[in-house]
Amino acid sequence: MNAAEYVAGLHKLRRKVYIQGELTASPMEHPLVRPSAAAVARTYELQQYPEHEELIYAQSHLSGERINRFTHIHRSADDLMKKVKLQRLLGQETGTCFQRCVGLDAMNALEITTFEMERDLGTPYHQRFNRFLQQVQNENAVCDGAMTDPKGDRARRPHEQADPDLYLRVVSENREGITVRGAKCHQTGALNSHYIIVMPTLAMKEEDRDYAVSFAIGADAPGLIYILGRQPSDRRKMEDDPLDRGNLYFGGQECLIIFDNVFVPWERVFMCREHRYSGRLVERFAGYHRQSYGGCKVGVGDVIIGAAAALAEYQGVAGASHIKDKLVEMIHLNETLFCCGIACSARGCAAASGTYLIDLLLANVCKLNVTRFPYEIARLAEDIAGGLLVTLPSLRDLEHEEIGPLLKKYLQGIAGIDISCRLKMLRLLENFTLGPAAAAYLTESMHGAGSPQAQRVVIARQAHLDHKKNLAMKLAGIETGKEG
Amino acid sequence: MNAAEYVAGLHKLRRKVYIQGELTASPMEHPLVRPSAAAVARTYELQQYPEHEELIYAQSHLSGERINRFTHIHRSADDLMKKVKLQRLLGQETGTCFQRCVGLDAMNALEITTFEMERDLGTPYHQRFNRFLQQVQNENAVCDGAMTDPKGDRARRPHEQADPDLYLRVVSENREGITVRGAKCHQTGALNSHYIIVMPTLAMKEEDRDYAVSFAIGADAPGLIYILGRQPSDRRKMEDDPLDRGNLYFGGQECLIIFDNVFVPWERVFMCREHRYSGRLVERFAGYHRQSYGGCKVGVGDVIIGAAAALAEYQGVAGASHIKDKLVEMIHLNETLFCCGIACSARGCAAASGTYLIDLLLANVCKLNVTRFPYEIARLAEDIAGGLLVTLPSLRDLEHEEIGPLLKKYLQGIAGIDISCRLKMLRLLENFTLGPAAAAYLTESMHGAGSPQAQRVVIARQAHLDHKKNLAMKLAGIETGKEG
Amino acid sequence: MNAAEYVAGLHKLRRKVYIQGELTASPMEHPLVRPSAAAVARTYELQQYPEHEELIYAQSHLSGERINRFTHIHRSADDLMKKVKLQRLLGQETGTCFQRCVGLDAMNALEITTFEMERDLGTPYHQRFNRFLQQVQNENAVCDGAMTDPKGDRARRPHEQADPDLYLRVVSENREGITVRGAKCHQTGALNSHYIIVMPTLAMKEEDRDYAVSFAIGADAPGLIYILGRQPSDRRKMEDDPLDRGNLYFGGQECLIIFDNVFVPWERVFMCREHRYSGRLVERFAGYHRQSYGGCKVGVGDVIIGAAAALAEYQGVAGASHIKDKLVEMIHLNETLFCCGIACSARGCAAASGTYLIDLLLANVCKLNVTRFPYEIARLAEDIAGGLLVTLPSLRDLEHEEIGPLLKKYLQGIAGIDISCRLKMLRLLENFTLGPAAAAYLTESMHGAGSPQAQRVVIARQAHLDHKKNLAMKLAGIETGKEG
Amino acid sequence: MNAAEYVAGLHKLRRKVYIQGELTASPMEHPLVRPSAAAVARTYELQQYPEHEELIYAQSHLSGERINRFTHIHRSADDLMKKVKLQRLLGQETGTCFQRCVGLDAMNALEITTFEMERDLGTPYHQRFNRFLQQVQNENAVCDGAMTDPKGDRARRPHEQADPDLYLRVVSENREGITVRGAKCHQTGALNSHYIIVMPTLAMKEEDRDYAVSFAIGADAPGLIYILGRQPSDRRKMEDDPLDRGNLYFGGQECLIIFDNVFVPWERVFMCREHRYSGRLVERFAGYHRQSYGGCKVGVGDVIIGAAAALAEYQGVAGASHIKDKLVEMIHLNETLFCCGIACSARGCAAASGTYLIDLLLANVCKLNVTRFPYEIARLAEDIAGGLLVTLPSLRDLEHEEIGPLLKKYLQGIAGIDISCRLKMLRLLENFTLGPAAAAYLTESMHGAGSPQAQRVVIARQAHLDHKKNLAMKLAGIETGKEG
């Protein structure tokens, strides 16, 4: 599949999609959706560039065929590092979330976990999963990985909720398959996907076993309803001219997907009421996805740093020591994130199925830094940009007969740079720090792949605190810790 | 003047106003302008509340009359502290910039500086200013304080710019007055003001004396052109229903004002080519305005903290220790800003005219913290709010026949709280952190009253480093610093 | 009393003092004690300086006499601010803790609380306290304020401890007075005090009423045992020559005081088993003491900034932009602390007794910042100082026949500055960041007047979160918070 | 060579060593030196442990023999990662600097740079270096890598200094070799080394070519003078009993080494007046050494985290949520450093000689984080430890007949843990945060391998800012950056 075929294919899907209160027959033509599909399409376009061949392609461990890396099961630490590098590259190219990692991360987590379930329980979860995977690889398909349930009252577990559907669950089963009901929130790129892969959102206990369910369905399965979320400044994308849009080509997208009694045939059920395995599936998916942020957000960070540096230049302050210092700080923070993405990959190990899993501790450290540093990078970018970032008139004013010339006169920066450069760059940076891309670069950095507290819990669990206490006791000359 | 009279009065002004490429006959009715005028109107409404009497009213040092504090010249440290408390109160009430401080700060800075000029030079700058001030107090008028020039190439001084108008300047004078040309950027609340008070943007040298000019003019003076700036998510305010607006009542506004050969009669000229006094006027205005942020932004911070706390409650996590801890951190940072606002006021001293000036060092420390802590407060608010902050469907969807009930089912938080509470609160917080109010709470916190580097320069100058070195030398037993 | 009389008086006290395993007959002559008494003596010496008269003297509200401010009960917000300024001055003068605030803070907290107890209960606690206070003012005496109990297992309340003495308590009483047993930790300046004022360490409940006890005793009361704590690099003070000492004149001191069945006559008992009043006594003392840190630590910060600036100069880097920037940051952080000290004072209010209490919320905010910024100031000072801070040979080596000249050759900084300046300044900064003064500037900043978590608890309690929620609800258009 | 042979060998060296003003005949028996040699000895002892075999041993690329990794030239990214893991292990084992990395890093930097010089210039620098390396590998010798010159006035370059010896330089040469004069500061582990490897301290220009010199000499070469630096609390190591020492076994050591006309035979000269190659030698050595800190300091961090966790337990607060949260934060910061160490290794590439060089950008990012996070980890450890950290009496007091029992009574923590555990752990943490180990964990983290500004300069140079600008321009729709 190439980029054109990809987009064409999406147009054919018949789905129930609501955008700002209206059922939308052709969502892929909607200006709020198009830029996000364009970002996914970039993952196909890269296939054309020989210089990116090593990153965008991998060899299938199932078929031995050359496949798009976004459908690949990692078989080495090198694979894990290449994933991160590919993500950084695409973040640089699109300046937004290109959405395809979530399905990739879901597939890798399922590959490992279905292997263990089949090994331990005999149910052919792994065989089913591998057949699905083979199809995805053959089709070069895009999968949405759907994990986050609405959760209702967060102080209660699934079966304690007033409404049992606040976590997605199996409501019935028969010989052909299961029927599920519930919803999944924050589905990045949902409308750009061919398949939806559902996973439970937390480690389930016995009482919640109906919620321990994982499966794949076609994006147009009956009973699925998509409701598009709003983003900051989303209306900018709907304006006739693109002048104030910032990022001219790419954008993000998040849907709430409602599963209104959706039927799933057994062939596509990868976990059914196996609550004992739900925790590790969640932990692995989250781990892979926390690694991902050490690549994609770094790529977007590169663009923001570049935008700030360009603005400094256009405004005549590129030589000021405090500006240079702020750029160094932005780079430093951004590369620290990259270090975390690389390190959890380089220390990846083979799971029982032979698939490489990232170092869980370091992947969580990676994501926890991602909940902090992008905010500081954005703050520094605003510092460098100056107040015009939020007081710039519409670029439409520039074309106005009377005030256009005045604006050009008064908003001119250094000589030799056309004023449009400065203004477009300000719009781009506005987009990243306070516009729709901020939803991806900031808030998603906070909550995507789990909120910071989720990372802290894993870090605490993975930290081997007793080993550290023993190290200290040895140097302090404490034998048992209870001497005397 | 009361609030209704205030708004009515603005409608009568005949001004040249451009909004997104169009000349707008009735700007005060424009949905992008109305909420910002409502915020200013609040400074009149407060006059009705006996419980706020001590803050909103002051006694004029000119007439002895009771006046609105926003037209008052500070005559004690207590006045300075009351200003900060009033600002916090209005920040709490409006959740945005209520715009009236900039004129207040300009008048106080001019009062001190025109006194010195008249004393030293004999020109009746102070008499003129006092007559203008008396009129403002009588009318309870709103003044815009206009300082920031476009600056062009920032590495060059005014007279070195390719276009001499990139800083506002005197282009000619005659017996009646002066004619000026140039522009002022980032004019918060420009359209809501009766008068524009212009000041130079930096300390001028001899070669730049034409730029050392300060004056007041009516907001509808011939030659003035207003171009409204765009804000993040500004189109939300233009939607038919207010559902996704966040802050239902109030908003901000910034204009670029162009002075296209504007004539100013001598009676309203408060500084003309007195470059030696331009620096101290700038420093004082900036000082007062940096103090202001220790009040108004703290008030907005209170609302954001409240919004985050309410959301935590609605979502069932108010009891989680990490949530409580984040709220404490937000409060701590916010109150630290308040401490700075109060401290620079409490340590204020009388200038030669008897007017109280804030402690310049501490006012700059105040503002430098304001360039940091609101960003962290906003980040923590996003942490508490959850990802729905940027993926929430339009509230229009809630009213849709088919999906409205589904949304209500799946977005329900804890029992007993109507879902609309949660959703409205999310929209409010989106407004503050990524929407139009973020322009005021974040970017304006960074650049308003001068960018952080400007504060650092003043801090360095005010820090008495030699005294500190001597303290260290004494304790180290160093006599001269060059002994031996 | 002047400084000489003060020191002479201490020599006469007959106390049981242990220093590093030995009973010490003349503790005031011990090199570990002398520098700390010198710091207290400075509070007497200041009385000689007319330029500090307004700070060091106050007018007694009891007698109307001029008294040393360290024995004064605050009767206005101005008094509170002068206290902070005096503390900053003394921090600058001594570069360490001058120890006298703790007694001052204890007396002010007791004045307010004994007033309330006598008013409510009729017991003459306030009369007794005022007689004691009068004596302290007459004598210009130094009081140690003793609050922190050893606490044993911190997860248990006093009466739940395995050993009931782990919190100081009343073990018996008779017509003459009470007998107490227990210990108080971290007693800064204990050996330099004439009186010990004991207070409970937390809000007691009914079951713990024996622990709700407050009283004053003479520093040489029978049953008192002092054990001197060790400090980092304490042995430097015991070396024959003072070369490597850093701060040549002043230092700190902390003791563990054991109360081995100490008798207290009723006349000096200010609270006995009044558990309902213990919490507010603790909160007020802690509040005053948290204010104090916004003065004294700022003064020490001034010295550290001065030392770093001097070193930058001696080493030829004073002009480097990154060095200037770090100095500005240090000043900024230090002045932010000062703002907090001033603000909680300026917003002080009269308690029922007419005594001024600081704003509790802001005083806790002050202290919480003190647990952070001094560490960053010290870190930046180390950055500027360079590695020689921890690799500098003994200054004794400088006097050695063979290597002295070589050291002078190789450790020379810029021309015109004798090498001794650089080396002494390095030793001073070492003292502050890693030596004995670091105990006061860093660890005491963390834990003195309560550890950071204690401040967070008060901030949470004082923050009026419901008011903030209401502000947000109003702007979001939420009526009841439960609508619908 | 095993550990015993190593220590025995050092005793035999005849060197001129001054310690605190005295020429010391047997420095290896000095209590200030012994613990640091013990830390190096640990790099030999590890050879005995089969579980560490993969880390401590490597295969020589010269001889194919199994050698101690501290003498190994890295031939793969895996080698680079193993170095970091070995360093973390030794940091955990010793809780201090084990000193052997500096020589390792010097050798790897020289291997690459001598290869290039010999290739380009024909001088047999590489052959000489390889013969020296072979000897070091055969002997399993310890090398000191000596780079930092005294620098005098830092605003001047070497030849501009008042005294030309303030940077080490070639003063003469003849057929046998060269004679050098100067000094090297901050020589960690100098007295524990068999060889001293000298390198220039910065990129030299033509005028400074005499300073572009690199060579190796025996640690007892004539003309070498060692002067031991002081450390915080160094006297603790000289006390008769080890009770208050903290780390009972290991410590650090820094010397100033003076080269008083030292002769170096040509066979050991690896660079002589090749100023064009001096910059890259410095950059590579610094790069390797900045990588090192991502291992060793992380290991020490592990011990500090363990000490804080143990103290929390002993004091009954291990279950408090704020304590757990602080431990998570410490772990998070520590593992972030590890990520940086691993990432710059995993992205290492082969230089022309086939030797693997770390990723320079990421290695500098690593070190810049090391100048920050250990300070925060130490601060949090002090928070958890409580004030007793700096007020604890001497442990000698515990053994005193009268007060020993009282101390044991009052300093008891939770039941079941002997009091000695608590007290020893407090001493260990004091050692790390304010004692001699703080010199290594904090100040050395700041300045070792170059001060933070040095890292910022490299980061700026390596950041490819133009590429980032182009990325932003593409998305903003800017063609040339100068359009129009």
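Note that the chains are named A, B, C and D in the order they appear, and that numbering of residues resets to 1 at the start of each chain.
In this text, contacts are C-beta pairs under 8 Å (C-beta built on N, C-alpha and C of every residue); 3 or more make two chains touch, one makes a residue touch a chain.
Quick caveat: nothing in here was measured; it's all calculated off a predicted structure.
Undergrad: Could you compare the number of C-beta pairs in contact for A-C with that for A-B and name the larger?
TA: When the contacts at A-C and A-B are counted, A-B has more.
Undergrad: Suppose each chain is reduced to the average of its Cα coordinates; what separation in Å results between chain A and chain C?
TA: 51
Undergrad: Distance-wise, how many Å sit between the C-alpha centres of chain A and chain D, to the nearest whole number?
TA: Distance between chain centres: 39 Å.
Undergrad: Averaging only over C-alpha atoms, locate the centres of chain A and chain B and give their separation in whole Å.
TA: Chain centres of chain A and chain B, defined by C-alpha means, are spaced 37 Å apart.
Undergrad: Indicate the residues of chain A shared as contacts by at least two other chains.
TA: Where chain A meets two or more other chains at a single residue, that happens at 322, 325, 456.
Undergrad: By the document's touch definition, which label belongs to this structure's chain graph: line, ring, star, complete, or other?
TA: Graph shape here is complete: every pair of chains touches.
Undergrad: So in the complex, the part of chain B that touches chain C is made up of which residues?
TA: 81, 92-95, 242, 246-250, 302-307, 309-310, 313, 324-325, 327-328, 331-332, 335-336, 338-347, 361-362, 365-366, 368-369, 416-421, 424-425, 427-428, 456, 459-460, 463, 465, 467-473, 475-478, 481-484
Undergrad: Under the definition above, what is the set of chain B residues touching chain D in their complex?
TA: Interface residues on the chain B side: 321-322, 325.
Undergrad: Touching residues of chain C toward chain D in the complex: what are they?
TA: Against chain D, chain C makes touches at 18, 20-21, 23, 148, 150, 152-156, 162-163, 165-166, 183, 185-186, 225, 227-236, 239, 244, 254-256, 258, 260, 315-317, 319-320, 322, 371-372, 375-376, 379, 382-383, 386-394, 396-397, 399-400, 402-403, 406-407, 409-415, 430, 433-435, 438-439, 442-444, 446-448, 451-453, 456.
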